[in-house]
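Right after this note come the structures.
Below are two complexes that have subunit A in common, paired first with subunit B and then with subunit C.
And now, the complex of A and B:
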């Protein structure tokens, strides 16, 4: 029985490439829906520059997560935070991280449901949309990390179909919307980067997946590539909505959706927004299952359980609850994304792990010099 | 208090326990305990009128209010 339990948690492996794709979905799937609108509010017609500034924090976060994992191989953040901070503080930190990801999963599910209900299923109760998505992702999470990795590979090219649809709007793009570039200096583009950089810092969730990667030496490169890919996607999308809509882009909640609604080729290819919607729902499924998996696996590691699978369904209830708690309407969802998350996200996912890394370096150096000294004294004694 | 919600949640929780029990039975006591505690927390919280209660989201919003002014 124990062997079976170990097999359930220990032997599942994904490749570095699969992890990179999972991380790609974990950032970009919900970033493409709301972030261009938030960026457009601040950066106006320079909104295509903001993802480039924002991605810097993504590279830094990948570096921190990979270095921490190098120092403590085969351990996730839940396990090595207890080594670094000691048993009690480490457990408190782990509990906070689990809460953070559970809360975030709830917010993502809520944002997804608002997106679906706001655009298409206007008469469906929002709880139905949320619960059905949580049930599908619960199945994927129960399937294990290999299932997640393979679905990510399967869906990756599908997720890029909207980019291939963009040239159909070439006729209604106006290049003069780009100008004047940097009319008000760089400051608006930095303010516009506030929201996307919180999304980029979400790549720290790779700290839960790194111990499961089979070819470790490639994991940092895979993480860096997924940050770069997300940056490219966001930049392309921002240029696209800018050329189609101009400064109006910031006035919409889901500007990319509005832009795709314009598509009409030979009066035949129309209403392609529903295709794009379907593809983005696939992406969001992938994103939600990554966050869901991280919070469940974190809990089972903290409590030292033999199998994480029984926790999946109870966590589903908690995810839906987090999606409703103190969020009466859509306005509160976007207020949180615009004003609180740009500080909260990077603080927990980049600044705090950086402190952990500094502490870990300090500890390891202390241990190394201590070991060196004892070796020296042993030498003289003998 | 919405009786329909209470009834629905209790049914859901009951089904969930029935579904998980065969696999849960062979696992250690700790696994069983954490499953039931989590289910109970979920069931208990669902009885409140959550959207209009202060919770984690509103707490974080008020915590970061001084910084949020930079973005307004």
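And now, the complex of A and C:
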């Protein structure tokens, strides 16, 4: 408790519940704004089914991340990839992962800024929106993983406010929009799941947080719960916008915002989209800080630094730059989300770790049988 | 520069001691009375308040009583010490200790052997008796000085609850604590801080409830202090807190003995400082700063309702002006049309943008508040009338500010005074100004970023190792019963878990009253 002065990253711990909440934010915060629109394009009025299929890859990813961590306890992917693949290949992989997350963080910041500038602050320069957000997240990342965990706990209930606001639209919901269910068979719902499953694979970022969890035995369950929670949130939101807007849902870039614009209670609470935006800013703050933290802590582990804090500010600048470099405008953001990310995300965050896991199993078995054989020979010798 | 100063301080330690005119700690009291007197008179040159009274014990042995005028009970000294020694039949060789056993009828006394102890004792108001041909002196606990009577604390009023407040004198304050907690487990450890002031500081805690590491840590922090004087507990607070650059107070200060005792019973440590009615309580949390002692004396429903009201208005005092500025400047669509029209019409003649208007009003309000504290009572009423007229009526009529802004400022002001601990109120009121700038530049986005930054900061700070936002973050479900709401006493079975896990339960289980349970006698 009283180790204030010598606060090293090794001493900081979060609980499995806090990690689960962080992961929940890491997937759902940006998914709720963009994904329903993309899903709606393919799955039409069955868009509420897609998150359920998509979440499967989330469960698989959680399993992979936790098994890898069980094989190499107290290590993050940066550290055990060097054990599995050897020093050189492992370092190359780590470097790739760091750039992957740096790039992703930049993308998220850019997408967030495009969302804010496009919907609310139309005359504000996008760099102001991006830099202000990165500054706030840098503050949290500097504070350490404990601060991230605590903010996640505080913000969790706030993040559910939009869900609580949904019943105010009961009057304009039409149940018949739901039907006919599965008009074109299951195929459109699978196509609609392509985009969300990329988001669900993002839960692999828990590989950076698993070594910091104090009650390890609960971490897999926490990860599974956060996948389940995200699936529920996406399903509820998809049902909600479907009931409010029908098949039009797929025509909007941010259908949820449009739906909340309909709200009017007692002629006083109107146009609550600004409130919803405010709450999404909180969610995105959590998401960005998680990704930002992962890229910073990954780099410090690769370089063998004792403290990651000196890296926070330079990486903040890099994140903003990545946000500008990676994508020219809003059109490309949604094109990336629709066409590239469904392949790119799971490939890096689920398939590649799966290969690592298989390799690790194979190595461990080799070691075990080798150890067993030597033990046997020892026995016979004695 | 800083390092040089530190080096200079260390090198001159000896010199500083001389400047403070303290004899070295090892100087023994000499055998000859005249030598001792000479040393003491040298030290107390130009100190007209020191009284030397020489006399003869039993008509033969030379003796000297030294005390400071106004700090000691001279009547008692004359009656119990001087007269009995002068009139008694005492042989020359009687040792000082024998005198106390046989002749001097003073209950509190101490034998001292060094000159430093002598000085200390005299400065504390204990008369010192030096006897010729003896290397030990006697110090009598006859301190007596003018004290303020125990009064009701001004800054922390309650409707229901004890009306006693701490006073400036340390022994009155310790007695107030001891009167509420009679168990010998209540420990009070004495320390002295301050080169010149030699201020007495007492560290109080309940053995068996408190986490021992907490006491060691606080003791270490107090021992680290090397300062010339401590005039108020604020000095100590700023020298031992965890995050000096935070606007939020990380140590609770209170004037109320019942608050102190409640915190002692929850396993916290209380620091009493001589010369001030404000005692310090550590560790503390943000929630503790938003709680009043009265919450525990009222019925739990009332307390819960008041607590929730207080939380809402605390958030308001932080956010209301900036929300208003953001709505007026950026988000017209969120305001219902009729309200928007009436707001717009009242703002029609106002020549300033909303942000400037808000800043003018809020700064004026802060100035009025500060003036209200400083002004003599007779003028205070006049100022408050002028203030109310100027920033209320006249400003609106002149078209300088709009009426809704006056309402917003008034609500903010009232809200900030709902916070039971004045210091916490100031912290939140100060943060309101950066929030207004954020709202005026980035609208709701700016407010959200401001909230996030504040929350991140609150999550970062700790008070003596305890996270500042416990029990919300880190979430401790068991403790929400005394944070979000105030559960009835029969449900508050566990103490808050601060740092360790010692002595969890504070009462027996199942205390919920019920007619069928009856009393023990039935």
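By our rule, the second predicted complex is superposed on the first by the 374 of 382 C-alpha atoms of A that agree within 3 Å, B and C clash if a C-alpha of one lies under 4 Å from a C-alpha of the other, contacts with A are read in each partner's own complex, and residues count from 1 in each chain.
Here is the rule we go by: contacts are C-beta pairs under 8 Å (C-beta built on N, C-alpha and C of every residue); 3 or more make two chains touch, one makes a residue touch a chain.
What you see is a predicted model; the values in this text were computed from it and never measured.
> Report clash or fit for the pair subunit B and subunit C bound to subunit A in the combined superposed model.
When both complexes are placed onto subunit A, subunit B and subunit C end up side by side without any clash.
> Figure out whether A:271 sits in contact with subunit B (first) or subunit C (second), or with both, or with neither.
second
> So, does A:322 touch the first partner subunit B, the second partner subunit C, both, or neither?
first
> Counting only touches as set out at the top, which of subunit B and subunit C does A:52 meet: first, second, both, neither?
Neither subunit B nor subunit C is touched by A:52.
> So, A:336: does it touch subunit B (first), subunit C (second), both, or neither?
After superposition on chain A, A:336 lies in contact with subunit B alone.
> Pick one for A:103: touches subunit B only (first), subunit C only (second), both, or neither.
first
> Quick check on the superposed pair: does A:178 touch subunit B, subunit C, both, or neither? Answer first, second, both or neither.
neither
> Just checking: does A:357 make contact with subunit B only, subunit C only, both, or neither of them? Give me first, second, both or neither.
The answer is neither, since A:357 touches no partner chain.
> On the overlay, how many Å separate the closest CA atoms of subunit B and subunit C?
Here the least C-alpha separation of subunit B and subunit C stands at 14 Å.
> Let me check the overlay on chain A: which residues of subunit A are in contact with subunit B and also with subunit C?
The overlap between the subunit B and subunit C interfaces on subunit A comprises residues 1.
> Quick one: in the complex, what on subunit A touches subunit B?
The touching residues are 1, 5, 42, 99, 103, 107, 191, 194, 299, 303-307, 309-311, 313-315, 317-318, 321-322, 324-328, 332, 335-336, 338-340, 342-344.
> Quick one: in the complex, what on subunit A touches subunit C?
1-2, 4, 15, 17-18, 116, 120-121, 124, 128-129, 132-133, 136, 139-140, 143, 146-147, 149-151, 153-155, 267-268, 270-272, 274-275, 277-278, 281-282, 285
> What residues of subunit B sit close enough to touch subunit A in their complex?
Residues in contact with subunit A: 12-13, 16, 19-20, 23-24, 26-28, 30-31, 34-35, 38-39, 41-43, 45-46, 50-58, 60-61, 63-64, 67-68, 71-72.
> Given the complex with subunit A, which residues does subunit C contribute to the contact?
Subunit C residues touching subunit A: 213, 217, 242, 330-331, 333-334, 336, 442-449, 451-453, 455-457, 459-460, 462, 464-467, 469, 472-475, 499.
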